[in-house]
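Next up, some structures in structure tokens.
Consider the two complexes below, in which chain A is the common component and chain B and chain C are the respective partners.
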Partner chain A sequence: MTVLRAESVSVSAQVQGVRLRVLQNLDFVLNAGSVLGVVGESGAGKSMIGRAVAGALPDGFVLDAGRLAYASSDMGTMSAAHRRSLLGREIAFIPQEPMAALNPALTIGQQFGGHLARLGMSDRQERATAMLEAVHLRDAGGLLQRYPHQLSGGMCQRVLIAMAFASDPKLVIADEPTTALDVTVQAQVLRLIREMQERVGTAVLFITHDLRLASEICDDVLVLYAGRPVEFGPAARVLAHPSHPYTRALQLSAPVMHGERRALFSLAGQMPGLREFAGLQGCVFAPRCPVVQPDCGSVVPGAVNGVSCLYPDAVDRIVVPQFLPASPASSSEPVLEVSGLHCSFAKPGLFQRNRVVAASDISFRVDAGEFVGLVGESGSGKSTVARLVMGLTLPDSGDIKLSGDLLPASGGASRRMRLGAMQMVFQDPQSALNPRRRVSDIVTQPMRAVGSSEDEMAARVEVLLAQVGLSREIGQRYPAQLSGGQRQRVNIARALCVLPKLLVADEIVSGLDVSVQAQLLDLLLRLRAELGFAMLFISHDLAVVRYLCSRVLVMHRGQIVEQGETEAVFEAPQHDYTRSLLAAMPADI
Partner chain B sequence: MRKTGWKLARRVLVSVPILLVVSFLLFAALRLLPVDPAAMSLPPTATLAEIAEKRHAMGLDRSIPAQYGIWLDEALHGRFGTSISLRRDAGALVANALPATIELAVCAMIIASALGLGGGVLLFYLRGTWVEVVGDLGTILLLSVPDFMWALLLLLVFGVLVPVLPFMGRIDPGLSVPRGSGFLLFDALSAGDFAVLRSALRHLALPALALGMAFAPAIMRVLRSSLIDVYHEDYIRQTRLRGVGEVRILLGHALKNAILPTLTLMGVQFGFLFGGTLLIEVIYGTPGIGNLMVDAVRNADLPVIQAVGLSYCVMVLAISMAIDAMVLMLDPRARAI
Partner chain C sequence: MRRPAWARSARVLVGAGLLLAVLICAAAAPWLALHDPAEQDLLAVLQPPSGFAGGSPDYWLGTDSLGRDVWARLVYGARTAVLVAVFSATGAALLGTMLAHAAGYFGGAVDWVISRAVDVWMSFPPVVLSLILMVGLGGGIDKVVLAIILVDWTRFCRVLRSDVVLTARRDYVTAARLAGYSHFQTVLREVLPASLPLIITLISLEMGIAVVVEAILSFVGLGVGATLPAWGQMISDARQNVATSQIGLLLPMAAIFVTVAGFNLLGDGLRRTLDVRATAGRMA
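Let's turn to the complex of A and B:
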């Protein structure tokens, strides 16, 4: 039975005389009991499908062509009251940020109870408890008394899944439901959605940017690019043997966990913005397509067997270069030696001052030109280690040696020694860049501090921007005028300004699309070959670490539980925790 | 719950040093004024020697910190000195006048909260309509009208032009006041004397409204803007996706979050509101500590100024503590920290 069907659906808004289309010619069928994945990079319009179903399109946007039908009713012409009667009852949503999606001022019980009351259930306490047990939450009764901030992200998501499935819905729309979660929790949540879905035969629309996740959970997938469907079909076929150049490029952009390490495919350019693709002719992907043909720019490809490409056979010609990221010579001397580092924080209390241990007995070294990965879940102490190395947090005990010299624990000397030798690249490029300064000012900030001349700085800006692959004009822009990938390049350029021996990078590719991530990873490798810096690379993504780092440190509850050559650790993990991390990684595609 | 109790207890403890500092500053400032309490408390025929002797007896020849020490010791025993002009105990004068002021302030706060919160929710609910545009302009206009201006306007309109409400004192002169706490509304209620209650309420209406209206617009604007912020949060979107209706989302889900920043602002505002009672009392002839203060300042009646100043400080601290307690009650995250 078909639950959701789209027939040439188009969603657009008329803005200043231009028709902006976020979705165009969308066709798909979602049957009861199956999971349809919608994949694509940010800006592809994935979330718009869910918003169209919810009747919550952004201001000005309307479903202006085609038919989006739930069961037999047209969602385009449905009255608001009718739609609202379906929401929460027959159609349920699982959000992206579980901690933000629960009301902080109400208990779980109040929110769950309110929902069940709306569904007209009388035995609310028992029903809520039963549902929380069904999503494998322990002490369900006690949980109802608690507030969202007292729960972890994974627990919040389980609560939301329990609420979504409480009405035995016909359709569940999950928009990036695991993006905010740790990899082990992500695996559990995926299993849970699948389990709940099978229990009542719900149809699930699973929106994700991660092809590996889609291949784990989905029966069918729909690949979107710039609001247009480029490929639709069974997940096994689409993701294992893509027939569209875009799907193929995405597949080859993602680093792999198993088998031989392969170089990443670098998809040039970026997804056009809404205004840009209003004027595009022919195939929307043509400007970035690695196997573009002359007529791609003028002929709009129709879907044949779900593939919207004039030359589907051309995908076989998309290949990755043969080189492997070179590991540095193993005989080099250490840049950073950390031994016996211990760090704890006071937990505020009225009388008893509890101390929380954030990192204990941390010892490792990073050699010149070596990229070392630091992996672990949120709260494992990864970022604390980064802050300790940078001197942003002071350790209780332990030594840090920089190129063989022992750093004083604190004070001006310690800061000066660090300043020229190590730099940090922060996770969120948006908040790490001062929005009121131009890029040229941002990247040369360290030089201003030591009193370099304007000419020197201008020359340095040019070199740095070229090194990170940005054009000269970017120097005059403000961070808000850049894309996420460009901002992260600026972030890296700023860190490289003083030619440090060591970069400390905290989750610097985690918020980025896979094609942008591939570009940045290769940029880092190229810059190392040019400049020879070492890097402590913090990440939750083991595949990225495997691609980039020759050695890896695994952190768990403030301790390094395992360290060694990346290949060796990932092939034959010694610690249980490493094993569970590896097992939770979605399979390669 | 225990944690919350401790937090409030800590808040009370912190207010002790605040009171000490304020009382010292007040004392020092008053002692630096070029007035001589000794000379003032003696008949005009007193000789210089007598004045010097009196100064010594009053401790006025000692250092200001030492004098403060004497005052503090007395104050801790409930003695705030004798009014120079009225020859009565300053503490008793304040205690007699305080209920009128508190009654006025509390009524004004209730009016300000009702108008501010109700108006804020309404303005938000009607967002995107012409009502919002008009309301927005209206609140900006209202924000610029100070409390004494309202007092004069209301007095003129409802007291003089259309004389529907009284505007002098606390009660009709013909009525006998029931004895008790000094809080007229409370005393009248507990005595079951509805004539007095009605008269007292009618007398309070104009001053309380004047004061309340001056403080309502700011509350209104903050509540509306924090509601706008809350509506950008994921949990509101998620609630809507569960099919919950708009009115319910607003009152059942958004308001409880949006009210927190508003409460904090109200704490600050109500501190100013106590200051506002002074002019209002003068305009409406309310026998509260505002009028007492004005008379005391006119007569350089130092003990009374000191006692009244201190009671303003205590009231401001008390209201901010009450607001803190409300925030703790409403915000589970504040309780956890």
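Let's turn to the complex of A and C:
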């Protein structure tokens, strides 16, 4: 039975008098009891589908062509009252940010009860308890008395999944439901969605940017690019043997966890923004397509067997460059030696001060030109280690040696010794770049601090921007005028300004799309070959660490539980926690 | 070239227009007034404005109980009001901004001491506090300015501190430290620019408050002193003859109203257009 069907659906927006097609010619079928993955990079318009179903398109956006049908009723012409009667009962949603989706002022029981009351159920207490048990939450009765902030993100997401499935819905729309969660929790949540879905025979529309996740959970996938469907079909076929160059490029740009370590394919350029949609002609992917043919720029490809490409056979000609990261020479000397670092924070209390241990007995070394990965889940103390190394947080005890010299625990001398030798690249470029300064000003910040001349700085800007692959005009722009990938490049350029021996990078590719991530990873490897810096690379993504780092440190609850050569650790993990991390990683595609 | 958002706001334009009129009066007072504001004409006391029965063409807005020209006292009073507004708001902003940045940027014990000082300070009723200060300091325009600064720096400090705390937590502030800037340079380059829109808005509002406080102090006779014409003083003088002549009371009140309304409109308009948080929603 078909639950949701789209027949050449288009969504348009009126922006300054120009009509922009945000979604165009969308065709798909979602049957009861199956999972349809909508896969695409940010800006591809994947969330618009969920919003169109909910009748919650942003202001100015309209469903203006085609037919989006739920069961047998058209969502486009449906009355608001009819839609409301469906939402929450037959159509349920699982949100992206579980913490933000729950009201912090009400207990779980009040919110769950309110939801069940709206569904017209009488035995609310029993029903809520039963649903919470179904999502494997222990002590369901006690949980109902608690407030959202007393639960972890994963627990909140389970509560929301329980609420979504409480009405035995026919359709569940999950918009990036695991993005905010740790890998091990993500695996549990995916399993849970699948389990609940099979139990009730629900159809699930699973929106994600992650191909691995899609291959893990979906029966069918729809790949979107710039609001256009590029490939639709069974997940096994589309993700394992893509027939569209874009899907193939995405597949090749994701680092792998198993088998031979291969170079990443990096797709040039970036997806057109909403405002550029109006000027697109022919195949939307043509400007970036590695196997583009002359007529691709003028002919709009129709979907044949779900593939919107004029030359679907061309995918086999997409090859990965023969560039593999070279590991540095083994006889190098240490840049950073950390031994026995211990750090704890005071937990404010009215009468007694408890101390929370954030990192204990941290010892490791980073050799010249070596990339060392630091992995672990949120709250494991990864960022604390980064701050300790940078001197932003003071340790209770322990030593840090920089190129063999012991750093004083605190004070100006310790700061001066670090200044030219180590720099940090921050996680969130939004917060790391001052929105009021031009890029050229940001990247030469350390030179301005020591009073270099304007000419020197202008020359340095040019070199730095070229090194990180940005054009010269970018120097005159403000951070808000850049894309996410460009901002992260600026972030890296600033850290490279003083030619440091060591970079400390905290989750610098985690918020980025897979094709942009591939570009940045290769940029880091190329820059190391040019400049020879070492890096402490903090990440939760094991595949990225495997690609980039020759050695890895695994952190759990403030301690390094395992360290060694990346291949050895990932092939034969010694610690239970490392094993559970590796097991939780979605399979390669 | 489109004008920036703040220059297109009706509030800002109206407020700035009113203030411009007040400013012109203050600057051109010697040319606008036909009489010396202190000159007494005891033969023509409590005259109505010219054009009314019994008014004289010599005194446009009439005279007060000592036969002084009301128009002259109004425009010279604008001088006093503008001077007090500008200097006390700037002074309060400087003091409050410095302490707010110290508290918000360094946090910890510095923050605790400054925040508690603000708490204690703000628990005094501001008018009573300024009256006490005036008694201690003595009269005069400089003392009025000083009293207002000492009372009102807390407004700036409290509002700005919470803003600075948010800015100081951003990674680019840490990055500036890692780039080798001293704490002072970091605050000046990375933190202060983010607070500027708020500071400008607060200064505008504070100027309006300063005008009112100066009027209150002058009204109770603890203000700029009898030699300088001031609106509060005029209200106080006219109060005794309110049964026979209301105009002397109404005109300085209107002047205060126009000035304060100007500052408030300007401040509100600037807040709406300069504050990123208020405008971000509309631009997205």
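In this text, the second predicted complex is superposed on the first by the 589 of 589 C-alpha atoms of A that agree within 3 Å, B and C clash if a C-alpha of one lies under 4 Å from a C-alpha of the other, contacts with A are read in each partner's own complex, and residues count from 1 in each chain.
Throughout what follows, a contact is a pair of C-beta atoms (placed from the backbone, for glycine too) under 8 Å apart; a residue touches a chain by one contact, two chains touch by 3 or more.
This structure is a prediction, so every number in the text was calculated from the model and none was measured.
Trainee: Answer with clash or fit: chain B and chain C placed together on chain A by superposition.
Mentor: Aligned on chain A, chain B and chain C fit with no clash.
Trainee: So, A:Gly404: does it touch chain B (first), chain C (second), both, or neither?
Mentor: A:Gly404 contacts neither chain B nor chain C.
Trainee: Identify the partner contact of A:Gly279: answer first if only chain B is touched, second if only chain C is, both if each is, neither if none is.
Mentor: After superposing on A, A:Gly279 lies clear of both chain B and chain C.
Trainee: Taking the superposition on A as described, I'd like to know which of chain B and chain C A:Arg494 touches: first, second, both or neither.
Mentor: A:Arg494: touches chain C, not chain B.
Trainee: Now for A:Leu392: first (chain B), second (chain C), both, or neither, which partner does it touch?
Mentor: In the superposition, A:Leu392 touches chain C alone.
Trainee: Which partner does A:Tyr147 contact after superposing on A: first (chain B), second (chain C), both, neither?
Mentor: first
Trainee: On chain A, which partner's contacts cover more residues, chain B's or chain C's?
Mentor: B
Trainee: With the two complexes superposed on chain A, say which partner A:Gly120 touches: chain B (first), chain C (second), both, or neither.
Mentor: It touches nothing on chain B or chain C.
Trainee: Taking the C-alpha centre of chain A as the vertex, compute the angle to the C-alpha centres of chain B and chain C, in steps of 10 degrees.
Mentor: About 30 degrees between chain B and chain C, seen from chain A.
Trainee: For A:Pro446 in the superposed arrangement: first (chain B), second (chain C), both or neither?
Mentor: In the superposed model, A:Pro446 contacts chain C only, not chain B.
Trainee: Report for A:Pro95: first if it touches chain B alone, second if chain C alone, otherwise both or neither.
Mentor: In the superposition, A:Pro95 contacts chain B only.
Trainee: Between chain B and chain C, what is the tightest CA to CA spacing in Å in the combined model?
Mentor: Across the overlay, chain B reaches chain C at a minimum of 5 Å between C-alpha atoms.
Trainee: Based on the A-chain superposition described above, do chain B and chain C contact any of the same residues on chain A, and if so which?
Mentor: On chain A, the chain B and chain C contacts do not overlap at all.
Trainee: Would you pull the chain C residues touching chain A in the complex into a rising list?
Mentor: Result: residues 170-172, 174-181, 185, 190, 193-194 of chain C touch chain A.
Trainee: Inside the complex, what are the residues of chain B that reach chain A?
Mentor: Against chain A, the touching part of chain B is residues 6, 10, 233-235, 237-245, 252-253, 256-257, 260, 330-333, 336-337.
Trainee: Under the definition above, what is the set of chain A residues touching chain B in their complex?
Mentor: Against chain B, chain A makes touches at 54, 56, 84-89, 92-93, 95-97, 100-107, 114-115, 118, 147, 149-150, 160, 163, 348, 350.
Trainee: Which residues of chain A touch chain C in the complex?
Mentor: It comes out as residues 390, 392, 418-419, 423-424, 426-428, 431-434, 436, 442, 445-446, 448-450, 494, 497-498.
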